[in-house]
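Here come two complexes built around chain A, the first alongside chain B, the second alongside chain C.
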Partner chain A sequence: MVYERHLKEFLDASNITVGDIIRLEKEDISYTGMLLEKPDYSNENTIIIKMDSGYNVGVDINGAKVEKIEEHNKPHIELDPVDRQLSDEKDNVTILSTGGTVASVIDYKTGAVHPAFTADDLLRATPELVDYANINAKAIFNILSENMTPQLWMQTAEEVYNEINDGADGVVIAHGTDTMHYTASALSFMLDTPVPVVITGAQRSSDRPSSDAFMNLTSSIVASKSDIAEVLICMHSTEDDTYCSLNRGNRARKMHTSRRDTFKSINMDPIAYVENNDVKINDPQVKYNKRGELPLMLNNNLADKVALVKMYPGVTDELINMYVDKGYDGIVLEGTGLGHCPDNMFNAITRAKDENIPVVITSQCLYGRTNLNVYSSGRRLLQENVIPVGDMIPETAYTKLLWAAGQSDNIDEIRSIMQTNLKGEMDKTLSQQYFIKQ
Partner chain B sequence: MAEDKFDYEKLGLKMGLEIHQQLDSQTKLFCRCPNSLTDKDPEITLYRRLRPTQSELGEIDRAAYEESQRNLQFLYQAYTHHTCLVEADEEPPHPLNMEAVDISIILASLMNMKVVDEFHTMRKQVIDGSNTSGFQRTGILATDGYVETEYGNVTIETLGLEEDAARRIGEEDGMVVFRLDRLGIPLAEITTSPDMHNPLQVQQVAYQLGQILRSTKVKRGLGTIRQDLNISIKEGARVEIKGVQDLDLMPTMVENEVERQLNLIDISRILQDRDASVETTIHDITDLLKDTESKVIQSIIQSPTNEVKPTAVLAIKLRGFKGLIGREIQPGKRLGTEFSEHGKKMGVNGLFHTDELPAYGVTQQEVDTINEKLDITGNDAFILVAGEEQKAYNALQEVIKRAQQAIIGVPEQTRKALDNGNTEYLRPLPTASRMYVETDIPTVIIDKQHVVEIAANLPELPYIKQERIQKQYNLSEDLASQLVHRNQADLFEEIKEQLPNMDSVKIASDIVYTIKDLKRDNYDTSKLTTSLLVEIFKLVEDDIIPAAETEVVIKDACNDITPMESVKRNNLKKLDENVIKEAIDEIINENIEMIQQRKMGAMSPLMGKAMAKFQGKADGQMVSNLIKDAIMKNMN
Partner chain C sequence: MVYERHLKEFLDASNITVGDIIRLEKEDISYTGMLLEKPDYSNENTIIIKMDSGYNVGVDINGAKVEKIEEHNKPHIELDPVDRQLSDEKDNVTILSTGGTVASVIDYKTGAVHPAFTADDLLRATPELVDYANINAKAIFNILSENMTPQLWMQTAEEVYNEINDGADGVVIAHGTDTMHYTASALSFMLDTPVPVVITGAQRSSDRPSSDAFMNLTSSIVASKSDIAEVLICMHSTEDDTYCSLNRGNRARKMHTSRRDTFKSINMDPIAYVENNDVKINDPQVKYNKRGELPLMLNNNLADKVALVKMYPGVTDELINMYVDKGYDGIVLEGTGLGHCPDNMFNAITRAKDENIPVVITSQCLYGRTNLNVYSSGRRLLQENVIPVGDMIPETAYTKLLWAAGQSDNIDEIRSIMQTNLKGEMDKTLSQQYFIKQ
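Right after this comes the complex of A and B.
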């Protein structure tokens, strides 16, 4: 934030701009240091000075006199250029940066962590990455992941497609963690990929010495050179800086607001782990697409609007009626338990059926599969043509329905797509192993 | 005090103090975990790595960079209930602890400082592992104060409020182990200006600051206060000596550091005269020493881990350094020792240099071959390091840097205080660029009215308080001093306020001695609230129990037995005066003959009989008076 109104007048009167060394004199105290930009949470009468010791203090200008000591020396981030050290011996890996914590820097304008790095900056701040591959870095967006949209997923899929088409042996996507699993899931349906597409991020921003970004990034590069040709989420497996999990992109979920090991595979275990620059397959009996198995294909037609609605005691059918009224292309319900809705929802669900809007049901339990045959309310949902999708997690059902409704208007075809395992997003059998271990 | 060894004034000696004191708030600075250490076995272990990053000014701090070169890995010990995700760097910090802010405002006011308008929490990069985040959270709360000394006022430049670091437990499998219990304990950091010129003045300021700190809610005991000394002479450089424990050692420490700087200045002059230089090439001389008799080098070359981590003997050439590496610069420490300390930071065990060879099994012949290989002639010298190749290489890089500084003069450094008054290299002085803003913690706007209110109710300094209570309550110097030093003067005064007629000495000595003894014997003295103690002393004031019996009641109170119950259980109640009189009459009647024979000489045996009978439940003075009267009456 810049200084405004009376603060601006106060500074302008002495011809002072951000970066100048100034002395501020008050009745009984004076401060000398560099004028910093104003964080938005600071008091309206306060200017921020960085003293010689490196400390910032906020000084109220009430009764203060200011004097300029030294002209403008605006601080800026400058990194040494990195020699990319291209070589035929190494794999070609593209890093696409979308913003988020893995690629962020302190923005002292607002005092917040901002996704301000370009992918190239990221590479320069992490020069050791060039040891792993011929790195081609590219910033496609610069947004916080809560601002991701299906339109941006479509664009991302196209970028990935182009990179692979241009010869990338693997693609790494730097992404904010909040909605990483939505993007991963959407990409898994839009792309048939012959190479790994690895999405990664950080829970501690990359401006910190303790950031998980570095291990996540290097592990992702290692994963992108492996033979697991799927959309993967690569993040810390545990709270330790020892190894990362490679989670199937449409099976993982952010399960903790702040821990490094926030991403967990639901209803399966991670496909593999990356430890000491080595990919270790977790369970050889779990199938995955191998490198080169699928020919490269892009199908990024997504429907315009799909809703994700949670069922809870007290929920009313107004929600569903509104989506029907607004012409949504589909609705995913996060049902209770095995996949249930309260009785008062049925009129609206019938309306959706009459309007030819697919209604998919998942479970807010996350773990386990839906089964609408056990209780009468489930059987009633089946009569209303609601589409149960087994052990698919709600977020994946949401992205898949966007994709399915982008492929067809025919509700039977959509049902068939939704209930067919396309990219490992669902399974007919569930192991005891695949539940929270406590 | 002996005469100073040096003319400090002429040398332009300047000193400053930096004191870190743990505050005794309920919870930690940035999370609500208990503000205390624990000796329990760790319940959770975390393995982490750190790497330096850029600050908002785009520079990497030199101290942080050097630490990263060591490529250290860290193990953190954590607990289910004693620590939380914040200390583990797994959750953003909570807002600043305002109790700690208030304690700091009291300190600021006692040091005549100006409190800032807005407190901004900063991140100070520290990547030695002592902070899980790789930075210490810290901020400036007040500036520009002073304390008075007999040498004149000393400026207090800043008062910082910051989090304490994790507690270093030891090393395990090449990893440094830290415990998270200490991480986040609030610390006040007091920095004086570096304008003290006499070691005695520094001592006095340290004492004064100690008094000020102890008048507020600060932690007491080992490790709760840490003192650093900044020191420089005109032609030397600023050196920060960390962890000066013993104030009495300060003059020796100053002397040794001045001696060190003078020697380094002298060495640099000689090196400049000789046109000395340090070659940056690092030579592999493993082959030259593969058949050496030196056990140290042989054991490294033959190391069984050689396959995984290759070892080597590496050497560098220092032009014009001969004779100076072996020169003593502090009692028992040579320039070579300093080189070695720099090398050791990179994980090697030590180094050999020209001035000490041949020795340690390295023969003159081997020295000659090394000299030949490195083209060592005249005043040239070499340094060799044996160890894991990468570590040895990094170590020599550090030695090269230190040797280059030796040509220029005294390098700015952070050094560690040793018990013998010497110091040892820790790291370069940190630069301002290690600071950047902590974005996870909102700015705290300091309410000026609140500061004024705090300043109007400042606590008494301990020595003033001691003088006052000694006089006001007619206590001995020992009791007054113990009350103040044990931080129990307030408790004493609260009890006195409610029981103004109760004997002050009795209250004070029970607080200082009785309760201390019970605590030592593992009684839970934390149960002794002020109101409970008032209730107990009131029993004495109301003449219900004899003064000597309070110990029993206090002891019971530690075990949740109420004072009344205790009096009943232990049968402590004083006897009624009539009962006493009757009993004494009885004794007199039984001993009437003795009284008539021995007159007042019967006093003592009768007193003995009476007191045995009352078993402490009668006031001695009263019994004595009654017997005396009865003897007088019955003498004739």
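Right after this comes the complex of A and C.
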């Protein structure tokens, strides 16, 4: 998008255009960096500057002074096509970009200000990728991942389906980290895939020396050629650039705001690791879908309205009542402990039962599994037809209920779907050993 | 409570009273155990049996047959007073019981069916406690911890205050584990305490061989005599009975549904450990309030209505709008990543701002800290006066906002309280090292 007229006038006065290095002074603070194009979400008084730190900063121009430091000197128009070294010997890997920090991989090396994501752009930025596979690349969205929605998940699933249908031996999805695990989980239910679908991202943008973008991307390409035909999250295993984890997409969670090893599998270990361009299975006992095992199938019908609601002392039933009133298709509760709710929630839960709205219960502990048979309050939830889902994490229960309620209106069928392990998202054994070490 | 008439008739027909060992057969299942008193939350057709496993089971009597196996033979009325061996040489420790699995400590050893909690009962169950301190004990509630409320927190704070005011050298609170960390966090803000206030519980009830109740209780008494004058959570550090952790009350979280080492400090290590009746400080660099450092003060005014709301893809602004419409005193958001919300939340957030309702943002990652300066969406939240609270966990931000909004109606004062470290609940340094090892 282009800056609004008054922003443009402000910039024109100093002969500044997008791509220039500028210094902007406001009150006591001075910002130096490259003027970026206006993103569609920015405030109307704000210009966006890419700082040397790699972070993008939006600054309100009210009371600000600006000067041009350096002309934008890397026009993007004259680049030659890249020799993609296509070969029948190599696997065909498609990279779909949805936005987020990892998508800026192109940005820095080519100097392109637009986060374009053609195969040429990608290979200019990381020419070594031609050694790994015949790379096809496509930008399907360019959004911050907090703006992903179930609608966009459905679209993503269709894009992945089309790529595999067209012959991709593996698909890599570049995605913001904030909601990567929700997307991965949703895709795992919407797609039966005969090839790996690997979601990756970055906690540091690729123009910072400490970026994890390149290793995550190359590891994901290696994983996409592997035998693990599941939806996987591929991110750093440790803070160092030593190896990446391949987490089952519906079992992982972003557990740290900023660390590079932020994604952790909950209630299981990662299925495999990628180290030195090699995929190493972690535990041969753990089952996963092998390449070619499942025929390709797309079933991306999601329900319209499912809510994810946390229980806490002082919570009222206003929430659940509102969702019942608004005709929601389902409600996932993050209960306490083994899956408990305060007594004052029961009237609303009974109302949901009477309206045939499925209510699923998970645990906000994250680790462990629901068990409604231990305490009487749990048994009371069972009497109200609340659906416990074992060791499924709340985020996965949410995406699965969206999917289950998209498959059927019948509450018994929905219950059966929710309590059946479809894509490794739940396990009947206790998994007591998979826990935080402190 | 007593069983309803038809339940009583059903039991009377077999000459059964509370405390008897009974066998109840229903369909293909047979339940053998002690008939318990009717809890106030049970279904009107259900009787409660304490099984040999230690679990309480509620069984609907419809279609059930019952027989008496063994008469209740331990009347609770003739017990002699216990020699409490009071001595000026020993510290005075008060144990307040709120209910939960740990409170059943009495149950088993004395055979008392009522979870009484007098000092005599407690010392009959665990006579070794007289060696540790002059024990005073008092049941203030008997509820499952999912039914704790901010109102009950206020009452608990007052009880603790009174005990310390009356000369207790330390206070131990027996509490259900589900919401223990919410209570601990709330108490940390409501009380300035010159002595340790130690909250403890059990993941296995005390009549099971694997119970953690006794070790948690004795370790808590040891901790209550220590120099760490803070609100602490004392629970098992490991699955084995090796030692207990003393977690800062507003920094810990129940992280596993069933493991004994379920409580983990987030973004810091435990302050200390209790091993062999000895308190060992973990890191001498970590500051804590020393015994006698703070004069005793009670400030237990909490706001009426604060909400804790999780962000996720597909979340709508209906929630925040509802809380604004209902005149809530504040809203805590569990944002994604560094503390982000989807764009479609902003209208409602602006409405909250216009209504002077404080909106606090935390991260559902749990580990790490909010940072609204990295991405433009975060900066937009700052423009809407949203209050980021660094490395404070969502549960603590919730209890603290209840407290802050109970201190002031002025949004700037509330912001200042929320962003000031009062009881070790937040830290300005990055804490990158405190993270899950997988």
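Everything that follows uses one rule, which is that the second predicted complex is superposed on the first by the 335 of 438 C-alpha atoms of A that agree within 3 Å, B and C clash if a C-alpha of one lies under 4 Å from a C-alpha of the other, contacts with A are read in each partner's own complex, and residues count from 1 in each chain.
Quick note on the criterion: contacts are C-beta pairs under 8 Å (C-beta built on N, C-alpha and C of every residue); 3 or more make two chains touch, one makes a residue touch a chain.
All values derive from a computational prediction rather than experimental measurement.
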item: Touching partner for A:Gln432 - first (chain B), second (chain C), both, neither; value: second
item: A:Arg260 touches, of chain B and chain C: first, second, both or neither?; value: first
item: First, second, both or neither for A:Arg204, with chain B first and chain C second; value: first
item: Comparison of chain B and chain C by chain A residues contacted; value: C
item: Contacts of A:Ile48 with chain B and chain C, given as first, second, both or neither; value: both
item: Chain B versus chain C as contact partner of A:Val57, first or second or both or neither; value: both
item: Residues of chain A that lie at the interface with chain B and also at the interface with chain C; value: 39, 41-43, 46, 48, 55-58, 60, 239, 257-259
item: Contacting residues of chain B [partner chain A, same complex]; value: 46-54, 56-58, 64, 85, 88-92, 114, 116-120, 122-125, 127, 132-135, 138-140, 143-144, 158, 160, 431-437, 439, 442-443, 445
item: List of chain C residues in touch with chain A within their complex; value: 39, 41-43, 46, 48, 55-58, 144-150, 153, 176-179, 182-183, 237, 239, 245, 254-259, 261-262, 264-265, 269-270, 305-315, 318-319, 322, 326, 334-343, 363, 365-371, 373-377, 379-380, 383, 395, 398, 402, 430, 432, 435-438
item: Chain A - residues contacting chain B, complex; value: 28-29, 31, 39, 41-43, 46, 48, 51-60, 75-79, 105-106, 108, 111-113, 125, 203-204, 206-211, 214-215, 239-242, 257-260
